[in-house]
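Both of the next two complexes hold subunit A, though its partner changes from subunit B to subunit C.
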Partner chain A sequence: MRVLLDNTCLSREGWSLSARGIFAEGIHLVSGDTGTGKTTLALMLAGLLPPSSGTVYREGISSLMVSFQFPEYHVTGTTIRDECISWGVDPTAILTAANLRDRLDHSPLKLSRGELKRLHLACVMAREYDLLVLDEPFSSLDCREKERVCIEISHRTTGVTVIFTHEQMQFPRVDYIWEIAHGSLHSRGSIPGAFEVWEHAPEMIKKLIARGKVPENITPSDLLEAACRT
Partner chain B sequence: MILIRNLRHQALDIPSLDILPGITSVIGPNGSGKTTLLKCCVGITEPAAGSVLVDGLPPRETETGWVNEFPDRNILFETVADEVASPLRFRRVSCDMISGRVDHQLGVMGIIHLRDRAVRDLSGGEKILVALAAALVHSPRVLVLDEYDSHLDAGRARTIDGILRSGGIPYVIRCTQQMETAALSDRIVYLENGRAVHHGAPHEVFSTLSGSAFYPLSLRCGT
Partner chain C sequence: MQDVRLRTAAAVLLCISAFYSIPGAVAAFLWWLIFTGRFAQVKQFRMMLPVAAMIAFFSIVLALTGGDGASYFIRMMVIILIGFWLYTEQKSGEFLRFGVWLLGERAGFELGMMADMGMQTLHLLIHDFHQIRLAETLKGINPLWKTLVPAGFVLVNGTLSRAESTAELMAVRGYRDGGSLCPEFITPKMDILSTGTALCVLIIALIPVSEFFILYR
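Up next, the complex of A and B:
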C-alpha cells in the first residue's frame, strides 16, 4: 500500500508546486508556510485535483478519505442526525465520541466551529481507510480535543495517513516528515533523523534539540520526556 | 476600558468582567461561549440581557474590526483589493485615499502580491490574512479575532502578533487555541460553560490551569 508521486507538478498563474516521492504505509506529517500548496497537494493525493503534469499512483489503495481543512465543506445534512447518517455511521455513537450528546436534532451549521470539527472528525475516524488525508485536522479544536484526536490518529497502525498542518504543539506519533518549500515537496525522512533537516520544526522541538535533548517522537509526552531527561 | 456587566446570551453568563486596553486572549473548551462573547464585544450580537460598553459607548457606536473563525464568512467581494477596500468605501473615504491605504495595509501584511487575486481561490490562511487586512484598514478601536491563528503558519502568526502590538489598536480581543500565543497576551479570560472562570495576567490564569490540557506545553517542558 503506497502513494507514489511521479514527477507531479501543478501550475497556476505565477505559482507552481512540484512533488515527487513515495508515501508508504505509516503516518506522514507535511508542513509548509501559508499559501505554499499544502491543500493543493492534499487534493492531488486524494485524486480530487489532477496534476498539470506527472502522475499520482495509488497502489494497493482500495479506500480513501480526505478531510477538508474547513469542516463546513463536508456538511450535507440539515440535522446532526442526518449528517451522521450521510456518513453511514451511528449518530448516537458518533455524538458520544464527539462529546456532543443531546444535539442530534440541531443543525450542524449552528455548532461552533470547534464542535463542527469534532463532529466531522468523529465521522471520519469511525471507519478505516487505506489512505487517509487530513488537511489541518487540529484547527479550531480545543486543547483537550487535540490531545484526544492525536491519540486516535496515533493508534492507526495500517494504511497511509498524511497530515497537513500548521499545528505547533499537539501532534500524534508520526513516522515521516515532509515539507513544502520553494515550490517543491521535500522528504525529510523518518524521525528522529528528520529533526536535523526539518526547517518548519516547531520552536519547542528546535529548542530541545539545541539543548541536546532529541525527543523520540513529537507527541507531547515525547517532548516532555526529552525536556525532563537528565 | 471595556465593561461587561450582567451579560447573558445563550449559554453565556458573565456577571462582571473588565477588559483593559492591550491584547486579551479568550481561551477555553469548544462550545464554552468564546465566539458569543466576542460577538457581543464587537456588536455583531446584542446580548439578551446586560451590557457591553467600550470606553462608555456601545460597541455599535465604536469603530470595530472583526475576523470570523469561518474564513469564507469574512468575504463579501471578488478580489482581494475590493475586499480590503470595502470598509473604507462603506465609510465614503475618497477613492484616491482608498487605493493608497489598501496598498499600504496589504504591504504591511506581506500580501501585496495577492492584490488582484480572487479571494475564493486563496488558501485558508491567505483568506484570513485578507480578512485581517480588511479589519485593520480603517484603524478600529476594538479588533476582535476569532481563532484567526488556526490557519496560519508559525512565522506568519508571529508577524501578525507584531502588527497587532505595534498597530496602535486600543483593544485587541482574540480567541485562540494556541496556549503559547495566549501566554504572550497582556491578559487572558478562561471561559467554561459560558462563565468567565479565570481572568487576569497569563501567569495568574495559567497557574490555575496547571495539570489541564490548557496549560502551555512550553511551560511544562521549561522551554
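Up next, the complex of A and C:
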C-alpha cells in the first residue's frame, strides 16, 4: 500500500509545485507555510486534482478519504443523525466521541465551526481507509481537542495517513516528515533523522535538538520527556 | 478590454442588440468572436451546458405554444455569451471605481461596493460548490440531483454567515455610507474601437437592414 509521486508538477498563473517521492504505509506529516500548496497537494494525492505533468500512482489503495480544512463542505445531512449515517457510522457512538450528546436532531450547520470540526473528524476517524489525507485537521480546535485528535491519529496502525498542517504546538506520533519549500515537496525522511533537516520544525523541537536532546517523536509527551531528560 | 466603463457599455449595447432582433444577435455574436477571443474558454465554463439546456427547454416550450423558439434561443444564447465574457473580464474593485465615476462618492460608492461584494460572493460560491462536489464524491453521494439540496443548504448558510460577518466588521469599523475614492482608468485605443463597433452593432439591430441599401428600395 503506497502512493507514488512520479515527477508530478502542478502549475497555474505564476505558481507551481513539483513533487516526487513515495508515501508508504504509516503516518506522514507535511508541513509548509500558508499558500505553499498543501491543500493542492492533498487533492492531488487523493486523485481529486490531476497534475499538470507527471503521474500519481496509488498502489494497493482501495478506499480513501480527504478531510478538508473547512468541515462545512462535507455536510450532506440536514440533522446530525443524518450526517453520521451519511458517513456510515453509528450516530450515538460518534456523538459521544465528539462530546456532542443530546444534539442528534440538531442541524449540523447550527454547530459552531469547532463543534462541526469535532463531529466531522469523529466520523472520519471512525472508519478505516487505506489512504487518509487530513488537511489542517487541527484548525478550529482548542488545545484539549487537538490533543484528543492527535491521540486518535497516533492509533492508526494500517494504511497511509498524510497530515497537512502548519500547526506548531500539538502533533500526533508520526513516522515520516515532509515539507513544502521553494515550490517543491521535500522528503525529510523518518524520525528522528528528519529533525536535522526539518526547516519548518517548531521552535521547541529546534531548541531541543540544539541542546542535544533528540526527542523520540513529536508528540507533546515525547517533547516533554526530551526536555526533562538530564 | 481594460476600461470597465467601455466594457460595461459595450456589453449593454450588445445585449440590447441581441435581444432586439436576429440580425442584432448575429452581429453581436460576430463582435464577440472578433473582440473577445473567448471561444476556447467557453468549454471550460461549466455552467454553459446547463444554461444552454435551460434556454433550449424554454425555447421548445415557446415553439410548441406558437412562439418563435429558434429566434428566442439564438438571441438568449448570444446574451449569455456576452454575460460570460463580462464576468470573466471582471477584476476586483472595478465596479467600485465605475460606480464612483458614474454616480459619485455616495450612491455610486454604495452601489459599486455592493456590486463588487456580489461578484466576490459569486466567486466564493463557485469555489465552495466545487469543494462540496469533491466532498460528496468522496462520500460516494451521486447522482447530481441528490447532492443539490444539501449543497444548497451549505451554500446558503455559508453565504449568510459571511454576509453577517462582513456587516459586523463594517459596523465595527464605523462604516455608515459612501466613501472617498479617486477612480482611475486605462483606456487603450482598442477599447474605444471595440465599443464603437458595439454601437454599430446596435444600429444594425435597431434600423431595418433595408434602410442600409438605397438600391433595394
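Worth a mention:
Convention: the second predicted complex is superposed on the first by the 230 of 230 C-alpha atoms of A that agree within 3 Å, B and C clash if a C-alpha of one lies under 4 Å from a C-alpha of the other, contacts with A are read in each partner's own complex, and residues count from 1 in each chain.
Here is the rule we go by: contacts are C-beta pairs under 8 Å (C-beta built on N, C-alpha and C of every residue); 3 or more make two chains touch, one makes a residue touch a chain.
These numbers come from a predicted model, not from an experiment.
Model built by superposing both complexes on subunit A: subunit B and subunit C clash.
In the superposition on chain A, contact is made by A:F70 with both subunit B and subunit C. Legend: residue contacts after superposition of the two complexes on their common chain; A:T34 is shown touching subunit B, with no touch to subunit C. Of the two partner chains, neither subunit B nor subunit C is touched by A:I180.
Of the two partner chains placed around the shared chain by superposition, subunit B is the only one that A:E147 touches, whereas subunit C remains out of contact. By the touch criterion defined above, A:M169 reaches subunit B but does not reach subunit C. By the touch criterion stated above, A:M125 is placed in contact with neither subunit B nor subunit C. Of the two partner chains placed by the overlay, only subunit B lies in contact with A:H200; subunit C stays clear of it.
When subunit A is checked against subunit B and against subunit C, the one touching more of its residues turns out to be B. Contacts of A:T78 after superposition: subunit C is touched, whereas subunit B is not reached. With the contact threshold set out at the top, residues 70, 72 of subunit A are in contact with subunit B in one structure and with subunit C in the other.
Only residues 31-35, 38-39, 69-70, 72, 111-115, 117-118, 136, 138-147, 166, 168-170, 200, 202-204, 207-208, 220, 223-224, 226-228 of subunit A touch subunit B when the two sit together in their complex. On the side of subunit B, the complex with subunit A involves touching residues 28-31, 34-35, 69-72, 122-126, 129, 147, 150-156, 177-180, 212-214, 216-218, 220-223. The residues of subunit A lying in touch with subunit C in their complex are 43, 46, 48, 64-66, 68, 70, 72-78, 86-87, 109.
Note for the complex: subunit C touches subunit A at residues 128, 131-132, 134-139, 141, 147, 150, 153-154, 157-158.
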